[in-house]
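Dropping the structures in below, format is C-alpha cells.
Two complexes follow with chain A in common, the first pairing it with chain B and the second with chain C.
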Partner chain A sequence: MKKDPRYKSGLISSLNPFGYNVERWSYALHRVTGVVLIGYLMAHIFETFELSMGSTAWTNTMNALHSLGPLELVGLWIVAGSALYHGANGIRLILNEMFGKLMGSPILPVYPYSPTSLGRNQRMVVWTITGVVLVLWVWAGLYLLAGLGVV
Partner chain B sequence: MDKVTLEVVRSGGRRIRYDLRYRKGMTVLDALIEIREKLDSSLGYRHSCRMGICGSCGMTIEGVPRLACQTQISILKTDVIRVEPLHSMGVMRDLVVDIAPFMAMHKSVKPYIMRRNTDERDHSDREYRVLSEEVRRFLQFDYCIMCGLCYSACPTVALDPAYIGPQAIAQSYRYMADPRDEGWDQRIDLLDTSHGVWRCHVAGACSFVCPKDVDPAKAIQMARKEILKKRLLRRKARVGAQPVPLLSSGVVKQGVKPPPFDFGKGSVSRK
Partner chain C sequence: MKESWSMILTYISAMVLIFVLTFHFLLQGPLAGKSFEDTLAFGYATGNLVSFDFVFGLLLFAAVIHGLNGVRVIALEWFHPKEKAWLLNLVVVMLMAFFLALGSYTLVTVG
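Right after this comes the complex of A and B.
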C-alpha cells in the first residue's frame, strides 16, 4: 500500500485528542465505542449462528465463553459502557448535524474569541452525557456482578 | 523562566533542539526568527506579517495547530516547546508545508459571488446592496485568512484526503448565505457528497484552533441543515417547478426593501 505523504495523517492522528477541546475527545470516544459495538455485533451474530449447528455446538460455544471467567464479565461491562456512550452521544450528534442545534448562530467575532459551536450549551450537554453514562456504567457493572452473586 | 528550548521537527523527522534566552512577550515566531538569525540559518519556515493577518506561520506547536506569531511562549507553560509542521499536509522543507491541496479544495467550492445573469457582471446598472442584518449571516465566515489550521486539526481530513475540509465548506457557506449570490445550485453538488458536508463528525477541532473565530464547525452544520431543507424542497418542487425571478434577493433598487433572505427561494429548478 502506498504510504500517505502527508505529515502525521491517518488513524492514530485522527484519534489523538490531546491538547484539543472536549468535543474532540468525545469524537475519539465515539469512534472507539463504535468499533467495540461492531466487534460485539459480529461476535453476537457468530454466537447465535452456532444455534443452527446444533445443541452440541451451542453448548461448546457457551462453555468456551464461560471459561473466560472474569474476562467475560469485563467484556460485557465494556460493551455496556460503549452502548451507553455511543447512544447518548449519538443523540447529541444528531441534534448537531441534522438540526444544527447547540451550534449557535452567526455572530460578529469580538476578541478574545470564543466559538459558539463549542460554547456553554454544547459543553454542558457533553459533560451531562459523560456524567449520566458514567453513573449508568457503574450501575451496569454492579448489575453484572450481582448476576454472578458477587454483590 | 530565563531560558527556553525549541524542539523543531525538521525534514526527515529529525528533532533538533535550540536553546534561546527567553524575553517577556516572546512568541514562537520570534524564537524561530532568532534561531534562523543566530543559530541555524538553514531552518525553513514561512512567515510574513507577524500579526495574525496573513496566516502564513501556521504550524503544530505542542501538538495543536497554531499561528506561531500569535502564540506567546509564556502561555505554553513549558520550557521545551515542540514545533512540528502542520499535520495532514505534505512537508516541503522543515516547517514549510505544501498548501496546494488545501488551496485546491478552497478553489473547488467557487468562493466568489455568482449570478445567473452573467451580463450583469460586465454591464452593471445598479449597485448590489446588502443590509446589515444580512451581513451578519455571513460576516463571521468572511474573516477566514486561509491559514490551514482548521484543515490540519480536522480528524476527518487526517483519514480522508478527498474530504474538502472545514475551511472550504465554511467559505462555501459564506457565499451561500450571501443574498447577492445565486450559485447555490452549483455548490450544492460539491457539498452534498460523501466527501462533502456529510463527512464531518462534529469534533469541533476546526473551530477550536481557528485564530479568527470563523467557527467552521458551525458553518458546516448550517450548510448541512440548508442542504437537507433544499433537497426536501427540491423534491416537492420537482413537479410543476416555477422559474425563479432574477432579483429574488440582494440586488435592489434604491428605496426598495429587499425580500427576506430565504434558502428556499432562488433555485427551485435544477439546471
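Right after this comes the complex of A and C.
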C-alpha cells in the first residue's frame, strides 16, 4: 500500500519540539524518557535474573557493569532523570487526560487560536514539575557519585 | 481489546508505578541509609525481593505492561500498520509474556 505522504515525516518529526509551545516540549520529553526507561527495564529484568543464578553470577554481573567506569554512572543518572521526569509529567497527564483536571473550559475555536489546555494552572504545574525534577535529579547525581566512590 | 481499554490499562498501571517505583527508589536510594554500592550487595538485593515480593511483583507487572504498551503506541503512530496491527499486537504480547515470565521466575526462585 502506498504510504500517505502526510505520515512520511514519521517519528523524528513527531518528536520535534521546536516552534511549538511548552506542552509539545513535555510531549517530546515524555516520549524520549519513555523509550529510555523501557530499554533500561528490559536490561534490568535480565540483570535481576542473575540474582536467581546465585551470588557468584550476581557479583560477576556487577563487576562487569562496574568495568564500564563513568559510563555506568552517567547511564544510571540518565535513567534516574528519565524516571523522575516521566513519573512527574505522567501524573500531570493522568490529571489532564483521565480526570480532565488543570485544563481550561472548552471554548469556540475562534482565530487567533489559543489552547485553553495551556492556562495558568497547566503552566504552573509544568514549570513546577521541571523545577522539582531538576532538584531531585541533581540529588540523584550526587548520591550516585558518592555511592560509586567518585566524590 | 479496544484501544480505549489499553489506554485505561496504561493509566492504571501508571498510577500503580508511581507508588511502587517510589518505594523501589527509596529502598535503593539515599533514604535507605546505605551507599549505592551497598544496595547492590547480593544479600541486600535478595533480602528486598524476599521481604517485599508482592510489591516487586506488582512493579514487574505494571512496568512491563505500561512500558511495552507504550512501545506499541509509538510503533502504531510511527508505522501506521493498519491491517497488520494484529502482528504488532502479537509481538508486543509475546514480549510481555517473555519478560513477565523471566521476572516472575526471578521472584519465585529468589523468594
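Convention: the second predicted complex is superposed on the first by the 128 of 151 C-alpha atoms of A that agree within 3 Å, B and C clash if a C-alpha of one lies under 4 Å from a C-alpha of the other, contacts with A are read in each partner's own complex, and residues count from 1 in each chain.
FYI, contacts are C-beta pairs under 8 Å (C-beta built on N, C-alpha and C of every residue); 3 or more make two chains touch, one makes a residue touch a chain.
Just so you know, these numbers come straight off a predicted model, no measurement behind them.
Engineer: In the superposed arrangement, which partner chain does A:Ser117 touch: chain B (first), chain C (second), both, or neither?
Structural biologist: A:Ser117 contacts chain B only, not chain C.
Engineer: Quick check on the superposed pair: does A:Ser52 touch chain B, chain C, both, or neither? Answer first, second, both or neither.
Structural biologist: second
Engineer: If you stack the two complexes on chain A, which partner ends up touching A:Gly90: first (chain B), second (chain C), both, or neither?
Structural biologist: In the superposition, A:Gly90 touches chain C alone.
Engineer: Taking the superposition on A as described, I'd like to know which of chain B and chain C A:Gly19 touches: first, second, both or neither.
Structural biologist: Only chain B; A:Gly19 stays clear of chain C.
Engineer: Mind working out whether A:Pro70 is in touch with chain B, chain C, both or neither, as first, second, both or neither?
Structural biologist: The answer is neither, since A:Pro70 touches no partner chain.
Engineer: Is A:Gly131 in contact with chain B, with chain C, with both, or with neither (first, second, both, neither)?
Structural biologist: So A:Gly131 meets neither chain B nor chain C here.
Engineer: Quick one: is A:Met62 in contact with chain B, with chain C, with both, or with neither? Answer first, second, both or neither.
Structural biologist: The answer is second: A:Met62 touches chain C but not chain B.
Engineer: For A:Met98, decide between first (touching chain B), second (touching chain C), both and neither.
Structural biologist: both
Engineer: Output the chain A positions appearing in both contact lists, the one against chain B and the one against chain C.
Structural biologist: 4, 7, 10-11, 14, 97-98
Engineer: Would you pull the chain B residues touching chain A in the complex into a rising list?
Structural biologist: Counting only chain B, the residues touching chain A are 60, 62-64, 84-91, 97, 136-141, 143, 153, 155-159, 161, 177, 200-205, 207-208, 210-215, 217-218, 221-222, 224-225, 228.
Engineer: Note which residues of chain C are touching chain A in the complex, please.
Structural biologist: 11, 14-15, 17-18, 21-22, 25, 29-30, 35-40, 42, 45-46, 49, 60, 63-64, 67-68, 70-71, 74, 77-78, 80, 82, 99, 102-103, 105-106, 109-110
Engineer: Would you tell me which residues of chain A are touching chain C in their complex?
Structural biologist: 1, 3-4, 7, 10-11, 14, 31, 34-35, 37-38, 41-42, 45-46, 48-49, 51-52, 55, 58-59, 62, 83, 87, 90-91, 94, 97-98, 139-140, 143-144, 146-149
Engineer: Flag every residue of chain A that touches chain B in the complex, lowest number first.
Structural biologist: Within the complex, chain A contacts chain B at residues 4-11, 13-16, 18-21, 23-24, 26-28, 30, 93, 96-100, 103-104, 106-109, 113-118, 122.
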